[in-house]
Every structure is written in structure tokens, then in C-alpha cells.
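Quick heads-up: structures coming right below.
In the two assemblies presented below, chain A is common to both, partnered first by chain B and then by chain C.
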Partner chain A sequence: MVGQPFLRIENVTKRFGRFTAVDRISLDIAEGEFLTIVGPSGSGKSTLIRLLVGIDEVTEGTISLNGARIDEMPADKRPTCMVFQSLALFPHMTVGQNIEFPLKVRKLAPEARRARALELLALLRLPADYYGKRISQCSGGERQRVALARALAFDPQIIVFDEPLSALDYRLRKTLEKELKDLHGRTRKTFIYITHSLEEAMVMSDRIAIMRAGRFEQIATAEEIYSRPVSRFVASFMGEVNLFALGSGADGAPRWQDSGITAAPGALSLVPGWNGTAMVRPELIHFVDGGKGGAEFTLSGRLAAEYALGSRVQYAITTDAGTEVTVERPFEARLEAPVGSPVRLGWDRGSVHLIAEGAGDGAA
Partner chain B sequence: MERLERRMGLLAALPIGLLLMVSFIMPMVVIAGFAIMPQKVFELAHMPDFSSFAVIWEQGYYKSLLRSLGLAFLTTAILFVVCWPLAYGMAKVFGRFTLVITVLVVLLLFVSENIRLFGWNLTLMKGGLIEGHLRAWTGLSFETPLYTWPAIVFGMCYVYFPFMLFPLAQGIALVPDDARLAAMDMGAGPWRILFEIEMPLAAPGIVVGCLLTFVLSAGAVAEAKLLGGRSVVVLTDDVESAFTYAQNWPLGSALSLMLIVIVALIALVPISRIDLDAIMGRRK
Partner chain C sequence: MTAVSRPTRAALYLYGALILVVLYLPLVAVGFASVSKARYLSFPVKRYTGGWMAEAVTSPTVHQIVLTSLKIAVTVTVISVILGFFGALAFARFQWRFRGLFQKAILLPIFFPQTVLGLALLIWFSAIGVTPSWKTAVVAHLVWISPITTLIIAIRAYGFDPALEEAARDMGASTLTVMREVTLPLLMPGIVSAGLFAFLLSWGNFPLSLFTSGVDATLPKWLYSRMVSGFTPQIPALGVMSVAGSTVLVLAGLILVRWLRRRT
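Up next is the complex of A and B:
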């Protein structure tokens, strides 16, 4: 395996007329990896996986599996299988017939097909009597499992998921995310998953690729992306993060443009002429009492709103400079103050992640 | 609440129900009544007997029934094969061009069926549009294809084309693209996708199209007359003769009744097995 990755996507471009959906993308994926591609709608993530399974053809570039090119192979010959957003279960067949479909294509004997289907039902924790059920009798979560069982029955080298959980309610989605990760652990198949939810990606994946306008913005582990996003785009994708415009003068002293932040002397030094963004995550900001217990960076404002999130409480703060800042505290460390009261926020250098201007554009 | 709704529904269905009773069911009842009257009577006030059915058997009228059903079956089969690709294109491929095809096919229906069939007659007859020109220009000649059973099948295919095309297109539109792609992704070839995915999922459209074509062809009169020229006697010819030349209403009624019952039986089986709501766009 040395020097030859399992799946290699090299300089792949897909154009629809004059629109470039996927723009010179390269990516290596290891065997047994769980990679999630995250991006907003229109970022090209769906197009990319359709190229991968062969529903669409690449305009330029190559895709190879174990060193052999697969990008010119028709979809029905590729060792890939896609779990569709709609699941694409066959409504006129029973659960069993759905799971057996790829085996039937492969001309397996009926008894062997049935045995394998029952095995897969068990693997996906569906009762054996589901074998004869109609798809319309299954709930959303059960259909999900049937679609997975069918994909596993095909036994592809790579299973590709096109946001199959997006239509489910929150709690079921959370359960299935964990089940999927667990299933990945048990089957050791290569999973490529696409979603627009970074949160979903973080729960499941070994690596996450953030996609924007047909390019990868960042490819890294969940931890890396969470703590060190390479661009404002990736940072904002995480939802409620605080982004402050930051620059430096000729002496390298930070200038917090109009945000009203007060920094302790020497808390942060930048290269002269630096321009970019400082990211501070909501849970790394705390409330500073007047006088005691200082912080390297402080900011004052008023409590605008308070949202209980269960284990945490989220606060919306309107700063004196008029900007909005989000703060999250554990339930035990919540602020007991009425809305409208003045607050002081504080954080330290270690909580600040710097993103240089223009970073991420065409990176990775 | 539910009971009120049901009662309202019943009330709303009353006018059309009555109309159908008078205009549709009543004639059928009359036909059924005449079918069991003695030969050549003109009232229903006779002792019922089954002489008409005996005549049908003895004089071999069942042969024209079989011929009718056979030709209708053949027409349905040919139309299904011919219309499927076009309907597929209309539902999945052509996009806006579908409207053009729809308009063209519907325009055809604006001209009376008899006139259109006469047109074919003039085109295909000996000394007609094709053979006449050929003979005038080259001196070659050929026998007219008219007055044979293939001519009748051709005429029925031509006339009932829209009745197969549109339901099929509706049915194919019900097939989700993802289902086809998923089957392909799992290694299924085009024939397997056609037979195991597309046709079963388009079944409501297929059933409606085939039934319309079959029922209409089995009861068709004009095609056999204009293109078959009485050389091929179908059941509808027999019915017409019995009612007119022969003045034997009971025999005509018995023949009609037989056709109605057989076609209804053939139609009931598939209708009971498909979800008509699906094709009407009222998916559960």
C-alpha cells in the first residue's frame, strides 16, 4: 500500500455548460476511512460523489481505486454504492427483496441471498420478520437501515452517502449518526459521507473535508477543524462562533477594529501589517466580575438574551460598540443576572485562533 | 364528523349517480334482458330462454369474438412496445419538447376518426396515393395491404395511439429517478432496470393504457369496416348485422353481453391490483 492510496481523486473538474461545479479537486482516501464532505448547498459536494459513483462523468481529471482508473467505468460496473438522500428503496419490493436486489443482480442462488439478507438485518438490528415487510410499513429510521443493508449486500469497496439522514427528526438523526459510526467500526468499509451539517460530520468522521464553490477549503480531523479552522468560511460554518476583525500596525501591535476589545499589554503580537480575523468560540468566553479575576482580553456590553440549551446556557451579548457576541457557559456556571444587566466578558490568548485574510481560498 | 363527511360525499355523488343509472346502467339492463329473449322478438315481455347463446355456439359466432379479442390483444401489445420509448422520453428526457408532442397528438384527435381512417384508405388502396403514384412513375405495382387483418391492427394502433401514450407517460413519471440510478449503481443492466424497477413502478400507467387500448380495440367498429372492408369479420360487425339486417335484437344483445362480460372480466383483474390514486397524483 505504500505510495499507492486506496482511492485517489486527482485534479477532478466537472463543468455543466459554463458552470464549474467541481473545480480541480484532489483527495486521497485511505481504506476503511470515514470521510465526510461538508458544504453548503451548491458547493459541489453532491456533484463530486455523483462523479465518484459514476452517475455523472468527470470533465477533467482522474479517479483511481488501488491504482486502477475507475472514472471511465460505467456506474453499474464500479465497486461503489451510493445511499441516496431519498434512500431510493424500491417501494414495490419487500424489505428482503430490496436487500437481495444486488445479490440477485450478481445471480446468487435464492437460499444464499436469503441467508445474507437475514444476516444483514441482524447486523443492522432489524428483527428477522422485517424480511417480508413492505417498505411502506417501515418507519423512517427502519428505511434508513434497510437502505444501508442493501448497500452492504452489494458489498462495494466504497459506500457513499448523500445526506441520507437529512429528512429525519433530530433525535432519530442523532441515534443513527452513532449507529452509522458504530457500523463503520464493525464493517471497516470505506465510507464517504456528505452533509451540510458540520455537527453531523464531527460525530462520525475520521476526517472532514469542507467544500466551498467546487474547492476544498480544509481537509482535517474534526478536532483540527473545530479548534483551528483555516478560514472565516470554515469558522462560520461551525455556527455560533465569534469572529472579530483584527489587524496590526507597522509595529505589530494588534488593532481590534471598532470591536471595543481591551487587550492586556503584550497579550498578542502580530507580524507587522497582518490582517485577518480572530476567532473566539462561545464556550471559551467567560464572565469577568468587576475587579477580581481578570482576563487577557476583555469586552463590556449588556446581556441581550439568554437561551437554555440543557447542559449549557447560551447568552447573546450586545457590546458597547454595538456588535453581537455569543457566550456559552455550562449549566452549573450560568450567569444569574437579568436580561439588560451590564456584563464584562473575558478570554485569554489561548482561546484566540487567528485566521489571516484570504486564507483558505484555494487552500488544501 | 366522519359520518357527516360520508353523507356529504354520498349527496354530492347523487346527481352523477342518477345520470349514470339512466344513461349507462339502464341500456345495459335492457341489453341483458334482450339477450335472454327468444329469437327475433322486439319486446321484453316474452318467456326468457337461452336460444341466442345456442345460436352463438352453433353458428360459430364465438370465432368472431376470439378474432376481436385477438386483434385487440395484438394492438395493445404493439402499442405498448411502440409507445414505451416515446412515453419514456416525454416523462423523463424531452423536457419542454414534451408539450409539442402532446399538442401534436391531441390535435390528431380533433379530426374525426372516420375521416382519418378514410385518409388511410385513400393512401393505401389500389390506385391510391402510394400505389397510384408508384405505378404512374415506374410502372411497378403491388397488391393493396388493405382488407386484411394486419390493416385492421394498423388502423387500431393508429387510432388508439394517444390512449396508450399518455397513460404510459403518466406512469413513467411516477418512477423516481433515484430508484433507477440506485439499481444501476448496484450493477443492474438496462433490461433488468426496465423489467424489475421501471415497469413495476410505472404499473398504474401501464394498466390504464393497456386497458383503454384493449377495451376500445375490442369494441372497435370503424377500423374493421374501413380498412378491413368486411374481409375480416369481427364481433362488432356481427352485433351490427344482428341489430340491422337480421333484425334479431336478442342475438345482437347476447353477442354484446358476451363481449361486455368478457372484457369486464379481463379488465377487473388488473384494476383491482393497482393503485389508481397513484396515477391521479393522490399518493398516500
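Up next is the complex of A and C:
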């Protein structure tokens, strides 16, 4: 947490007819925090932020800022500002007129508006001669910066972002993610960002909330979510992780179902009757030489494919049991073997994260 | 463009040219009739004169008639564009319960035969005790033209991102400011086109005016009555001038729309 909690979302529900888009959500956000809400399309994340800025009305629950309720306030009176997915830059205005729009609404004098717009152009590293340009003359990244400048001109207490980077190409997105984080550091405004990319969330956020079917599945720091996801859903959101079905008998001894994993005796003990999933990250699995055991858990199979990722190399392994496992090694520790070679994989107890069956289905 | 063989392309050009000839040749005939000295047109034209044009321009009757037509067309344009603007918002932008019904119902007057519509309105006006005049003709034109302006502006309204209005609202703009700063300027090309259509459709309308304008003659109505009795080459002369005026108006409108589009 950074500073005092100042935005409180309490038991907020939004229904469209019979469909519940947001289901009893509660969340406290601190002043100056960068919170990212991550979820697949249809998870209710867009609806939640539309409720927050006042474009849509809550069905139940309250939203308060510094203790005062804002959920019944119309959008034009709330101290929040949204950067839309489409950016919603006014095509009939110049860059300067777009940035000055919120100031014009506030009836600021033209000279003061212009001065502020030029200041913001500089803050967002856009040349001053962009002031008179048409929006259609700006590139995707420049439009992004203009939209941000306009939001900052409004000077809201909270800026909300609705996946504004999703339409851009990968490299530009990476650059802008870092710029946005940097901008957050310089302005110390509260940022609430939504995306379907956990990777994007991890680069920028103080905290990440994972949303699924109108509920929060987990709210934690990037590090916590990365190493200790509370559910299969969160784990699978991170892309290529290995998930093995795991159970235990009456004695608490682990049963690795059909995965073909061999565990050293006593390497793992579970409560009797436990059921769930063992997660092992691809970079925590290494290759083991044929003779020596070398690891607490081992699994044998064949190399099915190899993908160069630059600094790392990713391997697809088909195990003898027929399942797919992903392994990632640093470029320096790459496997010098042709596709089809038999391999043995190994990892230790510390690399295994256990997720109990049904975890995350309730509130986080 | 996809590759088209030379003979096919030649055939397409020929076809296009033929259509233009068929469309515009009658107009050329009217043009000749207006400058031929003979009372009735025959080819080749033996002697040309500008007399009919001059006669038409200076005739007090013609002044009166053009003024009536203008009065109707301008009133219809202003009212139908205002109705069309709000109608288009209801048609394309707002979700409301009877939107589907509204979208279908508004099309009906366009498909209704105009003579029947004119007759129906005339019966209605006399039933409620209103004497037909240029004002009732305005009402009749509006019934037919407002749906058209609504559709033209609605097409433009469909094309713009609803987030633009939401964003303006989110940044503190009131409903009125959103309308003035965002909605209106973005719909402007549609509004100009709709106005142009409204004016020309009203200016050239014959069946509705015939039934509903009473003793006030409009230009098409007068042209028709003089065709039936007392033909003079003033009629084609007036027709040609009317076409020329419309053409100038259309060109001016197109330039304005293009200029507005370039800004957005």
C-alpha cells in the first residue's frame, strides 16, 4: 500500500437484465497507487471501471472517495477520468484543442489553456509543434500520448485506463508500458488500469487484481501472483506454466495421477485426501543426466520441439505418459540435443506450488 | 483495381456513357426548346433567342411563384433538418424500448405513393378546417422529407464512436456542451447533405404540392398547369434555369461536405 486508502468500492454489483456483469465486488485503493485489473473478455473488468467513472450506474453497493459517496454523482461531476480503449480523441479538433477540452469546459482563459497544453505536450515528450496538428496526422503512439495529456489536463484524482495499448504493436506497447509507469511515478496520481495481459500488468502495477466472471480471484503484488497463484485460473493466465493433477491417499502420500512423475521418498507430503494441482514454472525445470537422480522430482520423455526466444530457449517435451511439458533454459544452459532425443526432466520441492481443488472460486 | 480485360473495360465505358446519354438527352432537348425562337421545338433549331429567358426572369407571375417555392423549400429544409437531427439520435445513438418500431415506422412515408399521401393530407386538412396554402404544403413536404433527412443524418451518427460523447461527459462537459462541442460538429457533414436533399426534394416536388398548396402555386405546379394550357417557351426556359440553380447548389453543398469531412 502506498499512502492512505482513499477509494473504497463496497459490495458493488452491476446487472444488465438477468446477466450479472459485476458481482459483489469490494476493493480499497490507496492514493497514488497503480492498480491493474486483469481478466479475460467478459470478466466484468470494463463494466467495473465504467461504474467507477460514472458512465454506467451501479445496481447495488457503494463507491466512495475520501469517505464521500460518488456512485450517485453523474460522470461529469466525478473527479475521475477515463482513457478509452479507442482513446476517444475528438477527430474534428487539433491535438491542442483535444488537450484543452477539459479546460475549455472549465472556462479557463485561452492563454492559460494553451500554456497548460504546451506544458503537457512537453511532459509527454511530444514536440510543441504538435499543438496545431490534426489527430489523423498522429501515429498510434502519439495519439496515446495525446489521450494521456488530455486526461492529465482534466487533473482528476483518479485516471482509469480501459486497455488503451491493446491496438498497438508489441514493441510500441512495451515502450509505452514503461513510459506509463514512469509517468505514474512523476505525477503520483492514482492509476487504475485494465488489461487482459498479465504480462502488461506485471510491468506497471503496484498491485494486480485478477478478475473472473464478475469476481476478484486474487488481489496481490505481481511477485505474489507470479509465484503463488491461488487458483488454476490465475496460474493459467500467466501463459506457459506446467500444471500437474495431484492427489493424496489416506496416508497423505502424493499420487501423481497419470503424469508419470517419479518423486524421491518423502519429497512431498500432503494432508490425507488432498486434491488439486501442482504448478511448476518452465524456468524451474532443468535437464537431468541419465545416470544420477539429481532432483527430487523427475519425469522422462522426448524433445518434441525447440523455440529460440533470444535470451532463453523454450523446449516442448512429450512425456512418456503422453502429456506436454514446457521447459525454459537460459541461452547459456541450452540443451545440445536434436529433436526426438530422450530427455529426463528434474525439479525440486521448492519449485512446486500447490493449488487446492476449488481454490479461488469464492472471494480472494 | 482487379485486372479487367481490354474489351470488357471498353464495353463497361460504353455502357456507362450510354446511361449518361439516356439520362441527360431529354434535358438537352429542354435546353434547346428554351433558346429556340420557334414556339414549338423542331430540329434543327433555325433561330436562337434569349428572349424567353428574359421574359421569364422579368415576369411578375414567375417572381411570385419562385418566391412561394423558395419559402416552402427553405422552411422545409430548416424544420426537416432539425427533426432529422434529433430523429437520427433516436434512430442510431440511443437505446430505447421502441427503437425498432421507430426505425421501421419512419420509413413508411417514403414508400407511400405521394399522390395518395397528398390526397390523404388534403382530406385531413379540410376535415380539421384548415384552408390549404403554402403552409399546408410545408406540412405535407415535411411528412415525406423528414424521414429522409433522419436517415441521412442517422448514417453519419452510426459511424461515430459513442466513446467520444462519453469521454466529453467524463471530462466534465454538460449535456449541452457535449452536443455543441462533439455531437453537432461530428454530424455536420450529414446535416449539410440532409439539408441539400431536403431543399431539392421540396423545390422539385409536384404531387404533394398539387394537392396541398391550395391557391399558392409552386414552380412545378405552375409549370404543369402552363403545359396543360397556354404553353409558352418560358416554361422550358424556367426549367433550365431551375436545373442550373439546383446544380450550383449541389456543387456548393458537395464542396462544403468535402471540406467538413476533411476536418474530421
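For the reader, a short list of remarks on this structure follows.
By our rule, the second predicted complex is superposed on the first by the 358 of 364 C-alpha atoms of A that agree within 3 Å, B and C clash if a C-alpha of one lies under 4 Å from a C-alpha of the other, contacts with A are read in each partner's own complex, and residues count from 1 in each chain.
The rule is simple: contacts are C-beta pairs under 8 Å (C-beta built on N, C-alpha and C of every residue); 3 or more make two chains touch, one makes a residue touch a chain.
Keep in mind that this is a model prediction, so the values were computed, not measured.
Under the clash rule set out above, the superposition-derived model of chain A with chain B and chain C contains a clash between the two partners.
Looking at the shared chain after the overlay, A:105 reaches both chain B and chain C. Shared-chain residue A:86: touches chain B and chain C both. In the overlay built on the shared chain, the residue A:331 is in contact with neither chain B nor chain C.
In the overlay built on the shared chain, the residue A:16 is in contact with neither chain B nor chain C.
When the two complexes are laid over each other on chain A, chain A has residues 53-55, 75-78, 80-82, 84-86, 88, 90-92, 101-102, 105-106, 150, 154 in contact with both chain B and chain C.
Listed in rising order, the residues of chain A touching chain C in the complex are 53-55, 74-78, 80-82, 84-86, 88, 90-92, 101-102, 104-106, 134, 150, 154. Partner chain A is touched in their complex by these residues of chain B: 176, 178-179, 181-189, 192, 196-197, 200-201, 203. By the touch criterion given at the top, residues 53-55, 75-78, 80-82, 84-92, 101-102, 105-106, 150, 154 of chain A touch chain B in their complex. If you check the complex, the residues on chain C that touch chain A are 161, 163-164, 166-174, 177, 181-182, 185-186, 263-264.
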